[in-house]
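Both complexes shown next keep chain A, but they swap its partner, so chain B is in the first and chain C is in the second.
Showing the complex of A and B:
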């Protein structure tokens, strides 16, 4: 049986970004980082990164500044809860325009 | 080699010859002697397999799902409420396309509690996506087990081998047991090309969203609905494989030849009795008696219930005046499930026989040959008067 035949018969996913589908469409609230408050962004030093550490879907980058991949972010809000600087706010998706989405 | 043994041992002998690698089962009457025999085979090293004792039928099927996913030839067996306790896992095994083979020694379903034979257990499980094969004697049980593994592994769909509890499971009959080398030639080792493998990490049967999704490589991966459609198409296509494998088995062992329906004295018959399991052989006696009286009648035993071989059923039945469907199960609140399927298959036929429905032997109620004779006689005589309602045979109150 070819791999294509097998993969059409059952649901198969491989370890890697996005193989669980476009989970960003599930999101009703969006985490937005305030770079004025974010510790690594503010200090320019690779520190804190609690958001990266706690994100269950690995959609936050460990970069200066940290970024969030909204294609897969489900909007669970753990990053906002764990941010010691209170730099992440969960914003209602309905408040964004179509272009911003 | 000819042996005289019980139907359960006929099944166990087939499983042993199939060189099954994992067995997980929980005892339930009337299946128990089958799994006891298998544990003896494993204990005595006659069969090199993992025998995994479990605390329930749900776990038995879960173990088979796990072992089959790793590419091991896997087997379990059950009856009645045990089968129903597996229900959620049975759907899973079919959806996951695992070639598990399971024997079911057919038994009525409680309440009220019963351990005796009817077909309500497996017939109620007809919509799982499993293949269901029914046997009429011990040789068929043995042979069908061997064919079932080949079929399951060819089409990647699990197969149930169903046989009447007590009437076949616990009675003794002679049957032929082939040599191991013959079976090995017919049924090579199970070597799936895709299985759970740490060298190549994958998630199988992961959650699907309502829509399709792009996979890691940018291809469109199927959603739930596509996967379910494929299961249905493959089940329909399995009819061809059933016929092919039956032919291969016939060439190798000299038995078989009626993959879907097994007719008896039907060539010139005006009327045909139609049923599943050992009842079709009992009906042969009635057919012989009625033939002696001048009634042109035959009997057909259905061997494959799912996928339903509607074309074969239509071909077998359309030329007759009347078809009398005997069933040991009922779609409660409607009709016999087999009766409905037979009528459905005949709907597109140019000429349609009348079709009647008789319910017999629920919970092991003894099926007297003269009851079958009376039912057939009544059906033929009162053709117009008997409507669509199932007629009950052998009621005492």
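Showing the complex of A and C:
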């Protein structure tokens, strides 16, 4: 039996993003980072990154400035709650629908 | 852990072993625990997972969110299956890999305790991580052995649970294994250091119990996962400690709280709907138990 046949027989899964689909569609509020307030983006030095540390879905990057992957962000709002500078605001998804169309 | 250098946000690796877009609920505490623990374990790891929220999170067919080999096993056999994986690795000359059993509180303290106790007694070379969300969340919030007293679940819908929470880490520590630790989803860096330490202590069974807030099961808005996890520690209800070869020591936030004022436990109860039927007497009883427990802790 080939490896492919064996894997499909015992239902081996392949790793990849989005096993729950595009989970960004679950979101009702969208986190938006204000780069004027965000500490690492403002100072240009790696620091803080609480949003990246606490994100349950690994959609925030540890970069300058931090970015959020909206394809998979479920909009839980932990990043906004834990941001010490209050730089992340949760904006209603409905306010984006017009401009995205 | 005092002598070791503690990990900070900046020194924590940005390599992700869990892919985004998994099936965990929005704001899931387990998402933080799983992501951080796997960072500490690295890619040389084999996981054994029983039915739990984690089975859903780590990946169903055909796409899995975890970039590691992962064996899905029956509820009662997690530690036994991990033992088997270790034996197979030893036989095939790949003994350097970490074998990690990752189970929920029901799969650890209720259904899986027999296999876990056996593995601890034999001193199997495995790491067992229990994420404790204090009920059977995956099947719809039924009471478990680790559900605290007074909590409303779907199987204790009127008065709440009548019995106190089972102290699983103490049961495991009574086996005399090398390493037992508790951690919280709200303190990922502390969790990271503990998993790292467990992974470095090869040769015996290592157990880590992680307090994991669950927005849908506990009844709070998803953005408060970390806030409530921190309250659980700052009120003294759940302590962060480690027992290394029998030596007990508090760590992190709990160590800082010794001899200092703690947040009243009522603050923690108020944040969650599962405590809505808690009476004042029971709140006072819980506060008394916490105070008695902390009276024994010295800096």
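We take it that the second predicted complex is superposed on the first by the 80 of 101 C-alpha atoms of A that agree within 3 Å, B and C clash if a C-alpha of one lies under 4 Å from a C-alpha of the other, contacts with A are read in each partner's own complex, and residues count from 1 in each chain.
Everything that follows uses one rule, which is that a contact is a pair of C-beta atoms (placed from the backbone, for glycine too) under 8 Å apart; a residue touches a chain by one contact, two chains touch by 3 or more.
Here the structure is a predicted model, which is why all the values come from computation and not from measurement.
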Tell me which of chain B and chain C touches more residues of chain A.
-> C
In the overlay, answer first, second, both or neither for which of chain B and chain C A:74 touches.
-> second
Pick one for A:94: touches chain B only (first), chain C only (second), both, or neither.
-> neither
Should A:21 be classified as contacting the first partner (chain B), the second (chain C), both, or neither?
-> both
For A:13, is the partner it touches chain B (first), chain C (second), both, or none of the two (neither)?
-> both
Once the structures are superposed on A, label A:46 by its partner contacts, choosing first (chain B), second (chain C), both or neither.
-> second
Set of chain A residues, in rising order, touched by both chain B and chain C = 11, 13-22
Residue ranges of chain A in contact with chain B within the complex = 1-3, 6-22
If you look only at chain B, which of its residues touch chain A in the complex?
-> 95-97, 156, 192-194, 201-209, 213-216, 219, 221-222, 224, 226-227, 230-231, 234
Residues of chain A that touch chain C when the two form their complex | 11, 13-23, 26-27, 46-50, 52-59, 61-62, 69, 71-78, 80-82, 90
Chain C residues touching chain A in their complex are 9-10, 12, 14, 16, 18-32, 35, 59-68, 188-189, 215, 221-227
